[in-house]
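After this come two complexes, each holding chain A, first together with chain B and then together with chain C.
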Partner chain A sequence: MPTPTLTQTLVIALIQAILVVIFIFVIVPLTIYAERKVLGHIQLRLGATRIAGTHTGLTGLVNRSMWKLGKVPVLAYWRGIPMLVGDILKMILKEDVRPTKADRFVFFLAPSLSFVAAVMAFAAVSFVPGTFFTFPKWVPLVGGLPLSGGMADVNVGLLWILGIASVGVYGIVLAGWASNSKYPLLGSLRSGAQIVSYEVPLTLSLLAPVLMSGSLQFSHMATTMATGLPFWGIVPQMLGFLVYFTCGFAETNRLPFDMPEAENELVAGFHTEYSGMKFGFFYLGEYINMAVVSALAAGFFLGGPWLLPFGLQGLVNPYLPAWLGQPCALFFVVKIVLLLFVFIWVRGTIPRYRYDQIMAVAWKYLIPLALVNLLLAAMVRYLAV
Partner chain B sequence: MESLLLKIGQNLFLIFAVMALAGAAVMVFARNAVHSVIGFLFAMLSVAGCYLSLGAEFMGVAQLLIYAGGIVVLFLFVVMLVELSKAREARRFQGQTPFALLLVGAGLVAFVGIFWQTIFGASATEPLTLSQNLVSHGETLGNAQMVSRGLFAEYLLPFEILSVILLVALVGAVVLAKAERV
Partner chain C sequence: MNKFLKTLIPFDIAKGLKITGTHFGKVFFSANRRKVPLHVVSEYPEVPVKVQPRFRGRLMMLRDEAGEIKCVCCMSCEKICPTGVISIIAGKQEGRKTRIPERYDFEMERCIFCEFCVESCAFDAIILNHQFELAVYDREDMSLSMEGDFQNMFKTSPVARFSVADEAQ
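Our next item is the complex of A and B:
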């Protein structure tokens, strides 16, 4: 295998970045669409249906005859799809209002910070360990070279993700301050305090995979957690997964921890004064953060690119057919999608906590649980070696 | 193309250093305290880039996690909650100017001396190497593993003493805040 030159390395990195961005921008609008549909069905509605004509044309004929038969039309389930385009067009084309007393520079900086931080966290996520695919010979400049499964699968990948995620807090806090208005300031302080508090149990619960795998590299951790553990490795992983995922809900400001959007108390929290694409960046940032949280949970607890979660892959590997024993990026994506569905499912099921309850959950329950989990992980590590 | 990229890669440290200095300048000269904090954040992120360009990836990411992600957030909270316009009107720093100038002059002399020694002195010709007992374990270790081996095996006692000092500072802050409230 030839060693790539600097230009080739950069071109490959660029291709990887483009692939990841395409992945993000495919999965995020679909999540938004799925959220409308799933929430609708949880509440015994159809969700988004009203974009195409309901009673005219060929689709209208199908619909009308199905209503006559006493059935909900099949097409009604899918008709909300053009709404995706409508949503995006609305965000881009809407008038961009800036309050007169707002701090111009910070008001512009805040949404971009929160969006960029969310996207940059994906750099250290490895979709499949080792090579994802090799470029064919006929490709100019990079023919015959491998494209690895992670953009920057560095030695300190987990720390990078946590660090970049903590930079994302600035987006929320600065947005509230720059709006120069009471509700956004209160909302941003509240959600800033919430995110800073929940970072503690989140990091503690992620220390268990670090302890059990002895590494901070994403692909190495995913490999060890999926295949390299003895039987009782499952126990701390279950607990750690629940603690981590709960903190993930709080970190991404989703229900039941969506303090910024407690509209009966604070209008819309930190993004009250934002409109148009600036609001869109906050909106997209939230969904990308959900994807990052899901990717970490899928990678460390649900077996990453392997089939079976919680270290079971290492136990039953000899009994699996050969093609199921191999890592595959598709499994990883399927797990991310499944966890995104759980995000929506919980939103439709559990009501919002009060603010003091949120803080109590973080400091009184989740941190002790995360410490117990860490102790269990240490015991597994001790018994395994 | 190749040579240009190589040149940029070799000078990455300089680029990040200039960015850090620019951030620090914004921090000092900005009128608005929140703008100062943003300049500080930019400087901290650039310093993290400096560490990364020197191959100290653990230091770089720890800088990102602790300074950019933790400490500057606290700065921002304090600056946002404290009304600073009245403090500016009071002009309470007037009497300190000569002392401040004196201290800055002394610090400048010391730093220029150190830089002079590192760039033109004897240590400039021989490269810095890691302590032998950190690298002589046979295997090639990652950055984080080497740092942790240094902290938790070779220099455990100083490290623990440092953490106790930090704990004392924490408890002291709590005690001071409590006394004020009563």
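Our next item is the complex of A and C:
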């Protein structure tokens, strides 16, 4: 394998970045769409069915002719799909209103900070350990070179992710302060307290995989937690997974813990004064954060890019097809999507906690539980691995 | 200790997740496949709506099996109507013992759909059918009578394309 020159390295890094951005911008609108559909189904509705596409366009033609024949259209379930484009277009085209007394620079800075922090956390997530694919020979400039599975699979990857993820809270606090309005300020203050408290058990629960794999590198941790143990990481780390996922809800301001934007108490919380694409950045940032939290959970607890659970991974069986034992980015993405579904499922189930209850859950239950879990992980490490 | 365990292990959350998950699965796997869908909110303009049996729609007069008007002009509906939207002029017909309405006028504009008229009727001559799509372009169209084709007391409303009560005929 030839050593890549500087230009080649830069081009490969650029391609990787573009791939990750494409992944993000495919999965985020799909999550928004799935959220409407799943919440609808949970409440015995159909969710979004009649946005564009019902009467216009190619799907509309099919739909109308099937209604005329007296049948429910085949595409009925997918009729809300054009809303993916509609949502983004709406946010871009809407008027961008800024309050007169708002701090202009900080008002602009806050949404970009919260969006950029969410996207940058993806840099250290590796979808496949090692090589993702090798460019074919006929590709100019980078032919024959490998493209690694993560953008920057650095050996302090987890530290990077946690650090960048906690920058996201600045976006919310600054948004509340810069809006020069009371509801956003209250929302951002709540958010500051909530996110700072929940970062402690989150980090403590992530220390257990660090302890068991003896590394901070994302791909190494995923490999060890999936194949190094006799079973998936979720089996010895059930407690850790639950604590981590609960804190993930709080970190991304999802529903049981969505204090910063409690609609019935604060108008819309920290983004009350935002409109247009600035609001869109907050909105997208929340969903990207969900994807990051899901990616970490999938990587550390659900076996990452490997398919087989429960020690079958280590089984050498010549009759099994080869791809079954290989790490594949598709499995990783499927696990992320599954966890995103759990996010929406929980949102449709549990009502919002009270503010003091949220604090009590973090300090009185989750932190001791995370410490106990850490002890458990240390025992597993000492006895088993 | 028991209370502590209950706090620690989220049984209630699991229970709630099970309920919502069952709902989701049922609707998800039957949205396009079943003739009678499991979701309660229907796609209204395209799919006919099923109203409850006791739904109170538009007032409608009935005929018996021989095609005779059931109404005998006892005026109980006119008397009991709280908004006074029914006005009857009684008449006679050869070969019929009871009286027969010459005019039966119904002003739907002011009707409150209380169903007192139907309850007071001793001859089951009127019902409130299941129509709820009653919008018209003119105020004159809101007054129904026994003549004409557009808003006839014996026919269902021409506005309603779906959800027409079949049991009236």
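Operating definition for what follows: the second predicted complex is superposed on the first by the 338 of 385 C-alpha atoms of A that agree within 3 Å, B and C clash if a C-alpha of one lies under 4 Å from a C-alpha of the other, contacts with A are read in each partner's own complex, and residues count from 1 in each chain.
FYI, a contact is a pair of C-beta atoms (placed from the backbone, for glycine too) under 8 Å apart; a residue touches a chain by one contact, two chains touch by 3 or more.
Values in this document were obtained by computation on a predicted structure and should not be read as measured data.
Undergrad: Who contacts more of chain A, chain B or chain C?
TA: Result: the larger residue contact count on chain A belongs to B.
Undergrad: In the overlay, answer first, second, both or neither for which of chain B and chain C A:I164 touches.
TA: first
Undergrad: Could you look at A:L145 and tell me whether it touches chain B, chain C, both or neither (first, second, both, neither)?
TA: A:L145 contacts neither chain B nor chain C.
Undergrad: Figure out whether A:L376 sits in contact with chain B (first) or chain C (second), or with both, or with neither.
TA: Touch partners of A:L376: none, neither chain B nor chain C.
Undergrad: Considering only the touch criterion stated at the top, classify A:G348 as touching first (chain B), second (chain C), both, or neither.
TA: second
Undergrad: Could you tell me if A:L46 is touching chain B, chain C, both of them or neither one (first, second, both, neither)?
TA: A:L46: touches chain C, not chain B.
Undergrad: Between chain B and chain C, whom does A:I24 touch in the aligned arrangement: first, second, both, or neither?
TA: A:I24: touches no partner chain.
Undergrad: Considering only the touch criterion stated at the top, classify A:L174 as touching first (chain B), second (chain C), both, or neither.
TA: first
Undergrad: Of the residues on chain A, which ones does chain B touch that chain C also touches?
TA: none
Undergrad: Give every residue of chain A touching chain C within the complex, in rising order.
TA: The touching residues are 38, 40-46, 49-50, 67, 72, 74, 76-77, 345-346, 348-350, 365, 369.
Undergrad: Touching chain A in the complex: which residues of chain B?
TA: Where chain B meets chain A, its residues are 1-2, 5-6, 9, 32, 34-35, 38, 41, 45, 57-58, 61-62, 64-65, 68-70, 72-73, 76-77, 80-81, 142-144.
Undergrad: Considering only the defined contacts, which chain C positions touch chain A in the complex?
TA: The contact residues of chain C facing chain A are 7-8, 13, 16-17, 19-21, 23-24, 27-28, 31-32, 38-41, 43, 46-47.
Undergrad: Which positions of chain A touch chain B when the two form their complex?
TA: Interface residues on chain A, with respect to chain B: 5-7, 10, 103, 105-106, 109, 154-156, 159-160, 162-167, 169-170, 173-174, 177, 185, 189, 192, 196, 215-217.
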